[in-house]
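Look for chain A in each of the two complexes below; its partner is chain B in the first and chain C in the second.
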Partner chain A sequence: MKKGISVFLFRMGLASLFLVLTVFTLSIVVIAQELQVAVHLQGAEVVPYWDPSDGASGEIGLMNNLYEALLRYDAATNTFTPILATSYEQSEDAKTWTFKLREGVKFHTGNVMNAHAVKASIDRTIERGRGSSYIWSPVDSIEVIDDYTIRFHLRQPAPLDLVVAAGYCAYIFDPAYCDHDWFIAGNDSGTGPYTVESSEGSEKVITKKFDDYWGGWEGKHFDRVVFLSVSEASTRRLMLETGQADFCEQLPPTDIEALQDNLAVRVEVNPSFQNLMVLYNNQRTPLDNALVRRAMSYLIPYEDTVAVGLGGYGYVSRGVIPYGLWGYSDRVETFTYSPTVAKALLTQAGYPDGGFKFLLTYPAGYEDIRKTVELWRAACAELNITLDTRAMPTAERNAIARSPDPAKRQDIYLLYWWPDYANPDSFLSGMFYTQERPAYNLGYYSNPVFDALIDYAITLPTGSQEAIDMMVELQNILQRDAAGIAVWDMQYLRAMNTSLQGYVDNAAYPNVVFWYDCYRE
Partner chain B sequence: MLSYIVRRLLIGVLSLFGASIIAFTLTRIIPSDPADMWMGPHATVEQIERAHVELGLDKPISVQYCIYMSKFLRGDWGISIVTKQPVLRDLARYLPASIELIVFGMLVGFAVGIPLGILSAAKPGRGMDHISRVFAITGVALPSFWLAMLLQLVLGKELSLFPLIGRVDLLIEIMNPIRRITGLYVFDSLITGNFAALKDALWHIVLPGLTLAMYPLGLATRMVRTTMLEVLREDYIRTARASGVREEKVLTVYALRNALGPVLTVGALTFGYSLVSTFLIESLFAWPGLGRYAAKAIVSVDYPAIMGVTLLVAAFYVILNLGADLIQAVMDPRIRLS
Partner chain C sequence: MWKQLHNVALRAKRNPLTVIGLFLVAVFLLLAALAPWIAPYPQDVWAVHPEERFSPPSTQHWFGTDELGRDIFSRVIFGTRISLRIGMIVVVLAFAIGVPLGLIAGTFGGLLDEILMRVTDMFLSFPPLLLAMAISATLGASLENAMVAIAIAWWPWYARLIRSEALSIRERDYVEAARAAGATWVRLLFRHVLPNSLAPVIVQASMDFGSVILTSASLSFLGLGAQPPTPEWGLMINIGRSYFLTHWWIVTFPGLAILITVLSFNITGDGLREILDPKAERW
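Let's turn to the complex of A and B:
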């Protein structure tokens, strides 16, 4: 009898447990159906820098949804959208810029955004001096005119509208909540449409909509956006195919081709401001001879590198400023693949039989660059030039490139470059302006005429005809010297769930989805 | 026994000290400049110099080591150059995920591998022996990344039986988050009564756990078979059989108990090794574990993280080996601790 009761109670217990679990699971499903959740995949860490003053890297996708800047730049139309500033004006000499701020904006902390907060945010970013904070280098002082008016005084004329719209280090945050340790514990104090709900290291961040967002929540929006780092491209692709993700930043061309026929996935190919740069060691024989550098440049099979390295998703570069960014021009002289011209140049330089061996370093883990390097190596071998190619982690190859002993440095350095904001000067100053101790002038190029023209170019009005002409002139100097060259301008390959609507790619904010504008249809 | 444990722990501390010197020297002799990783990909000359000062790279290696160890002993394991988080906090975050996965994988591996090894040794050269040997060799030889992708493709994508990645479903995480106590999701959800999360966490661990289980499974099968065959030839086994003891008891009590010693030792070593060797499995399943963290740290020459992981794993080796020896002594009366 007792045994019978025990068995009955045990069975009842099991049945109850099953019922509870079923009800619980069903309730989650029902709630989940009402909740609009988007999943944003990226290959690298979601948030290498939590501190809004320090950013310069892969956190751009997350941060531009947590934080906002004064303006947003539209790379396609070359126009600005007011965000935290509603209007602005500049003085004739472009050295004084005054911004009217939006009223009624709250930080995620509940405090009100005003001119004092804007000044404190930017002052802190300048003071910390990390990440891309150098974008503020033209700023001499910031003056609060009234609660909703702020004025920047510059040391020299500069495109401050582009600076305040930068994707990095231009964020406005609550100065009452800006302790570095507080930020890196996974907190935010921005004004953006989303705020951090929870995070797991630098690999996963779950954000929720900020109810008091100044833009309001009328219409269709996502309630939650999950930013997820999935390092394996094959897994990212599987997640898209099975509907477990809404957006994937960058997939290899082979995966993109495979996804083209999948009705559940939409693929977009968009221009970028990112190119592959080759920096020759301008100080080491025989590369200190411009003729040899030019010969090397004629040995790159440009069209093939785009076809094989990028799977066709890119353009052969014309000058160091990438396609789509102001300053790009078909007036810039360019190199084409021509072993005959290369041979003639080498003969002219006194090296008719080649016989060089160059150490070429490139970043490890980039299949597109590896393929390009292999093609170049094969072409060089035809003229008895050996490329000793080494894929290395950035930290290791930069130690070689910046070695105090020039004899230990590489001959050729390859790197991807993109601007911190939509400014072509980044491609010129960053890699070619004379640097006594090199940071990214890792071709060690030094040309006083070029430097002087750069100094003058940055004083010219952004995008003016004179500025564009100057950019063309500067690029032609580099091309004639073959100081360093760009091989290709890449295109961004975006794969997303077909139901995702509202996404607009903006080359000025690489890998950013402004999730507030998106919804699921 | 107590003096033995104390002596082994002291040797363990010396081993850790040695490991710290080797790891520190190795990471520093490779020419490396982590300034860009620290300051940002387009760091200026001034930022690079500042990074060198902040990271202490402007000092001699011996001084850097002394500073590191003095901070280390005070609980400051440095800041990771990649994540910009305190290394200790990172380790506390990633270690439980790895332990959970490895424990699951090893439990499955040993739970299947040991019986297979016994069956194989009970009737060597017969059908079951051949089957278990094929199984064992396959388990050891199969590349884990290949198996992981196969499982994802078949059981994850095509049959939709299991999730592709992660430790728990995003919706569960949003709607019913697991209260973090130990960081072991299965355990935490169980003791907090979060059964929806428990079910989901178990569901998520299946594919990476099975992938990881294959190696210990093969290893356990082979080792149990070999040691059992040796033990079964011993006089006391013959005596037991002659005395009429049932064959099941001979195998599972008298033989297995004495054959498990080497399996335990290898199991302990495999556990320690798996802490960082599972990075491919963790990468494919987006499992936020220590292996993935270590792999990123190595690729980025993240000195503080490499040091932290090295010392942590070395400490695990010391403790696990000691634990294995103690258990072995308890199980096998022939072993004396001295």
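Let's turn to the complex of A and C:
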């Protein structure tokens, strides 16, 4: 009898354990079905800049999901999608632009988006003068016509539709919540489909859907998007392969090729507007001599840098405007790898035996740049030129480059450049227009003729023949001066989970996934 | 003298592991000395050959080639020179700082001892790698700075060790006798205390050789030590880790080089302790 009770109790215990386990498993399945979570992997920091007025860096992927601009530009079709503006018109002289705003849009703070908020946002960005805020330089004043109409008065004609659609510094935020310290504590006040739920430094940000988003939440969308910084490329690849991540911004070419046979991962090779720029210190001997700069430019093994650095996924640059963006032209003069010409130029400059040592800084953690630098260094060594190459974190590198004491600055500065707004002007003004306090003109180039031509070029109608001719002329000035040169134009290597649908690569918003448009199938 | 050497040889013979360690260290020294003649492609320390990149190990390239087409075997061989240099410089530096301080503290005691030992305690309270990282990050990333950083993190161990030896030696009768006979402190230090407390420090130094090489490789791996294209093992692993899923040989061979080198110095150090310490009995 006693034995019978214990057997009964044992069976009951087993049954209840089974029940608990079943309920637990079911609840997990239900939660998993209800909550669609996407994981977006980046190699570098997720949010170098939290303040929507300040950015010009890797936060672009996160910010474009938290904040919205008036328009969005599609680089592939050269068309605009209305976002916070529903329609717009420009005056004949392209100096007055009027935008009709979308009604019923709410900020994540609960306040309503209107023309006053748009004006206040852009005024704040202009006033702070950080990051890519220079894109607003043609704007003279912003006028609120009524609650949902806003007008920009420009000093000179400019493609303002492209400017308001910029990937940086064009975000509209709630002026009632725009304290800098509040932003950098990890808060946001945008109108975008997602809002910050929590963050761990700038390494991990979890966003959740904003219930009152004007686009609504019908259809398939993700409920949460996790932005994660994983510096190790191999780890990013493994996370994709094991299904722990949905999207990976950039993987090394060798990994991309290895992933091509993996059915769980989809690989895309997409066009980009991103190139590798070399900025020579135009103010320091002997690089203040154009002959020496040209000689250095003839020492880059261009074809090899594309083959080795990019694994073949890119093109040798032709001028500073990248392949695919208007203004790119085969009329632009180029450099080729030629130690003979370099030697002749050095002799002409009075340095037949070389003997220089140049401090070259480049961003740490990018294999394609490191390999390019190694190839260049080996070529320079043949002519007795030493490249003292240093891979450095951005902040440290920029502190040297922007040092008030010119003696402390580097000789050669390498950087990726992609347009803050999809216009060739970004490549020309950003790095070569005279800057009293260097922001990104880190070759310290100053040429009044070039500046005057830029001022004129920006007034020409976007993409017109005259504008294209002017871009060619401007690039040729830079090439002849070898003020700074582009080495290669890259292609984007994207890897994502096969189940991820709705992703479209848009070269105007590099590394951005508009997660609202994506879903899992 | 001959008898002593014979004794040492006998002890060494009883411990075959030590012989292997010593043999490996000898090979390591030989490789470093003869690197330009042994390495099949000595120019690959600097030169690049893009067309030969990512070749797997073959008869032509025993350890394969890296992402820039450089012969990994040649670079690993040249790496021995760098590692040996790092080991020597750091151990000598740490020795030069730690031994005098420890000796003074141990021999004279008192307030001086208190002050010196609290300073060493401060250094010892950080793990050496962490301290070396902090120092080299402050000084800037280069091989020279990394060596200085490691030496700064390392000297307190020597100071501690030699102090404890000096403490016990200064109580010995012969030291007391010398002092009673009116020996100067210089004579006391250099004639009596130092020679008699050196053995454990030498053993420690031989073992540290391996740890120092490992630490410097770690610093280079973290980007705080040697800079490309220096054929430093840690740096080679750092660069190769981007390819380890697709091209295993780029990280494997420098990794094995570190493993074997560190192991051989450790075994040798262990053996040296047994040989130099007459009290140590084999179990």
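Odds and ends about this structure:
Basically, the second predicted complex is superposed on the first by the 394 of 521 C-alpha atoms of A that agree within 3 Å, B and C clash if a C-alpha of one lies under 4 Å from a C-alpha of the other, contacts with A are read in each partner's own complex, and residues count from 1 in each chain.
Basically, contacts are C-beta pairs under 8 Å (C-beta built on N, C-alpha and C of every residue); 3 or more make two chains touch, one makes a residue touch a chain.
No experiment lies behind these values; they were computed from the predicted model shown.
In the superposed pair of complexes, A:Pro510 makes contact with neither chain B nor chain C.
When the two complexes are overlaid on their common chain A, residue A:Val39 makes contact with chain B while staying clear of chain C. Of the two partner chains, neither chain B nor chain C is touched by A:Pro138. In the overlay built on the shared chain, the residue A:Glu232 is in contact with chain B and with chain C. By the touch criterion defined above, A:Ala307 reaches chain C but does not reach chain B.
In the superposition on chain A, A:Pro193 contacts neither chain B nor chain C.
Shared-chain residue A:Glu374: touches chain C; no touch with chain B.
Looking at the superposed arrangement, the partner reaching more residues of chain A, out of chain B and chain C, is B.
Judged by the touch definition given at the top, the superposed model places A:Pro286 against neither chain B nor chain C. By the touch criterion defined above, A:Gly327 reaches neither chain B nor chain C.
Within chain A, the residues touched by chain B in the first complex and by chain C in the second are 232, 234, 238, 364.
Within the complex formed with chain A, the residues of chain B that make contact are 30-37, 39-50, 82-85, 90, 93-94, 149, 152-153, 156-157, 160, 163-165, 170-177, 195-196, 199, 283-286, 288, 292, 299-301. For chain C in complex with chain A, the touching residues are 46-48, 50, 53-54, 67-68, 141, 223, 227-229, 239, 241-247. On chain A, the positions that touch chain B within their shared complex are 20-21, 24-25, 28, 31-32, 35, 37, 39, 45, 48-51, 54-57, 129-132, 134, 184, 197-198, 200-204, 206, 224, 226, 228-232, 234-235, 238-239, 241-242, 244, 364-365, 393-396, 398-400, 402-403, 420, 426, 430, 435, 437-440.
Of all residues in chain A, only 232-234, 237-238, 252, 254-255, 257-258, 301, 304, 307-308, 364, 367, 370-371, 374-375, 377-378, 381, 389-392 touch chain C in the complex they form.
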